[in-house]
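Heads up, there are several structures right after this.
Shared chain: chain A. Partners: chain B in the first complex, chain C in the second.
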Partner chain A sequence: MRLEFPVAGRDFQAAGGAAQKIKRTLRQIGIDAETARRVGIVAYEAEMNIVIHAFSGKVGVDILPERINVFAYDQGPGIADIDLAMQVGYSTAPEDIKEMGFGAGLGLPNMKRYSDNLVIESEVGCGTSIRAVINLPTKEGS
Partner chain B sequence: MGQLFHSVLLIEEKCRGCTRCIKNCPTEAIRVRAGKARINAERCTDCGECIRTCDNYAKTAITDPLSRLKDYEYAIALPAPALYSQFGPDVDPATVLAALIDMGFDDVFEVAYGADISTFLTVEYLRRNKRKGPMISAACPAVVRLIQVRFPALIDSLIPVDSPMACSGKLAKEAKSRELGICEGKIGAFFITPCPAKVTWVREANNLGSFAVDGAISISDVYGEVAKRLPEVIPPYPKPKASSAGAGWGRTGGERIAAGIGKSLVVDGIHNVIDVLEQLEMGKLSDIRFVEAQACTGGCVGGALTVLNPFIGRMNLEALVARLETPPNLFEELDIDLNLLRRFDEFAIKPQIVAVPAFRLDQDVSRAISKAEMIEKVVNELPGLDCGSCGSPHCRALAEDIVQGLAVDTDCVFKLREEIEILAEQLFEMAKKSPPALKDNDAFSKPWE
Partner chain C sequence: MQLKDIARILEAEVLTCEDKLNCTVEAACGCDLISDMLAFTKEKMIVLTGLVSPQIIRAAEMVDLSGVVFVRGKRPTPDIIELSEELGIPIMCTHYPLYESAGLLFAAGLPGWRHWPRAVGGSEDAP
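What follows is the complex of A and B.
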């Protein structure tokens, strides 16, 4: 099944709401706590990146029997150097947002850390799209 | 099963079927059906929020009656630190303890002293535990239950040491059994509780075979009896054992102050606690070491079974904390007296904390997924006003109830009105129609003209 939520740039009041709704559904489906937590973190970071950097976008998940795909795409400034953006502590967030305690340069590294596969595509001046895969634990492993 | 016992319950006659409690329940455990609130036992955390919000006093908590003392050869009262806060700013804890004995208890054991022990165990646990990131106090049973139901990923972040109540019960019974030469089973330890969640915790532990505490009597039930004795009772002990820090556990922030752990976060009020737990679950706040979370605003002084306003209770407790002392070598003394370091494992939390999947739509994952899909469809067709008139707390909850077969879409008054409107239009259209035998310009007869 697919869940998809609109995200507005700079809307810090609503920020985190999409990730919370996603977590709610995962809990209802009975996805194990640790996987749900990983999906929640990846979705939250993707959502926050849109809030901090982009004009508008969407974040969502596809829930499949063996894995969960988190996706996000936005209309925004894009990422000039993805490798650099993947480094812990690197951030292009504006000063006023850093003052609010966001933009610590942990978003993309966290998404990589908590997903099994992460693909980022971006075009400067257009926007960014992100796809992350989180595998569900196999029967033997759980 | 023990886990289905709940202290919080409804007084049917008083419930008017309003929507106040369903909207305030942090785990969406309440529905109004046939004009009465119904509590889902699996989801309820006994936080007492519904008791506080009900204007008709239709929610109450089952606690143990004082008559249960007779079930035991020897009965010990375990007064919560919050009890001291109920009798003004100048109360001497020793007189409160004396009043409890005068009321019929054979002895008392201060839970404030148990709090000193819990502090010791918490600090020791954090020293031994190498796991990074925030660890959450398990002292508030409503918070623990909330984590079991809504935040299972955080169960491993709970500090698994006994609460002040459990430490007190265990040590009190142990000591008395040795002193009197009777077995622990003949000694009853009764917690004087500020909240229903503790009542549930005690009952559940008993059902699972753990008897550190045998019952819980509400502060409001002993309040009058204690208050009237205070002016004249003579304290049995010249000086209670608990430290200032231990007594301070009765209000929010007390645990943090007592434990003195560097970076700590203190939160109270169940809805604020949920916000913080959401963030912790997201891996935020990773630089914090200790989280003190209290379901009630103000901490235990704000419990649903206390008598005073939480803020007045807090003020009174602050005054007591200022009068008492915390010895600089408190932990060393405790360890010498009770051998805590060597016995550390005996104070592991009981019963063990496990996830309670109360929100799961179906045992089968693929069926659960299709139900989740249906919920999304249904919720889009509902008005999104979250009025609660259907008896579910908000439109999404109604959608979930519909998909689970617990409600129908016309339970929504707006959906019902929509359907009535459609039906009325159809009726109107039908009313305009008449059989050909009654119509005048009949085209059928024209060819014969």
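What follows is the complex of A and C.
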């Protein structure tokens, strides 16, 4: 099952709406609260990255029997140095965005923190794609 | 501690979701940045913040927060109140600044992330 939502750059009114729908759907189909929370956080950070940095993009999830894959891709400036962008505290968000509570330099680190695997691919001047895997808990609860 | 205890201690005005005032709160976090909030909060926690933005409520829903307290006498705008009611996230306002709000709640026994046994990775770089 796939859920996919368009995300518009700089649309702070609608921002976060896609992650909210993803999380709500996961809970409605019976995904446990902790997994839904982790997916929601990763999707929210991915969505906000598109809103803050890109022109447009999409964010969504593929719901599989053993895991949930979060994906996001955008048309935007891309990330010149992914290792640097992964550093806690590093941010290229402009000042007006920081005044709105963003640009903590924790977006990508949060996505890594709450996912079991995170892959970021980016081309400067074209855009960025992100794939994150969140494994579902096993029946034994591990 | 329950939400109603937090409202009493902070002399706060409860703006939405009064039906949830008996909900138990186990810990709190003070932050003005969205990603800090996502990193260091989870369910049964509240956030104290001076950031008046709808995104605070959206992020609060992502981490299943028990409530949001706006400090320094800041008042949320109508769209924030509407979103809070829609998503069921209680919000309240206190005249105390962030530091004093946190101090009052900590002194009353409400821990932060680092002292909360249920925190994930709580021993690391918590605010």
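Operating definition for what follows: the second predicted complex is superposed on the first by the 141 of 142 C-alpha atoms of A that agree within 3 Å, B and C clash if a C-alpha of one lies under 4 Å from a C-alpha of the other, contacts with A are read in each partner's own complex, and residues count from 1 in each chain.
Please note the rule applied: a residue touches a chain if its C-beta (ideal position, glycine included) is under 8 Å from a C-beta of that chain, and two chains touch if they have at least 3 such contacts.
Just so it is clear, the structure is predicted and the values come from calculations on it, not from any experiment.
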item: Chain B versus chain C as contact partner of A:107, first or second or both or neither; value: second
item: Chain B versus chain C as contact partner of A:27, first or second or both or neither; value: first
item: Which superposed partner A:8 touches (first chain B, second chain C, both, neither); value: neither
item: Which of chain B and chain C A:86 touches, first, second, both or neither; value: neither
item: Chain B versus chain C as contact partner of A:65, first or second or both or neither; value: first
item: Partner chain(s) touched by A:37 [first = chain B, second = chain C, both, neither]; value: both
item: Those residues of chain A which chain B touches in one complex and chain C touches in the other; value: 16, 19-20, 23, 33, 37, 40-41, 44, 110
item: Residues of chain A that touch chain C when the two form their complex; value: 12-13, 15-17, 19-20, 23, 33, 37, 40-41, 44-45, 48, 88, 100-107, 109-110, 113
item: Sites on chain C touched by chain A in the complex; value: 32-36, 38-39, 42-43, 51, 53-56, 58-59, 61-64, 87, 121, 125
item: Residue numbers on chain B that touch chain A, as the complex places them; value: 150, 152-153, 155, 278, 281-283, 355, 357, 359-363, 365-366, 368-373, 375-376, 400
item: Residues of chain A defined as touching chain B within the complex; value: 1, 3, 16, 19-20, 23-25, 27-31, 33-34, 36-37, 40-41, 44, 63, 65, 110, 114
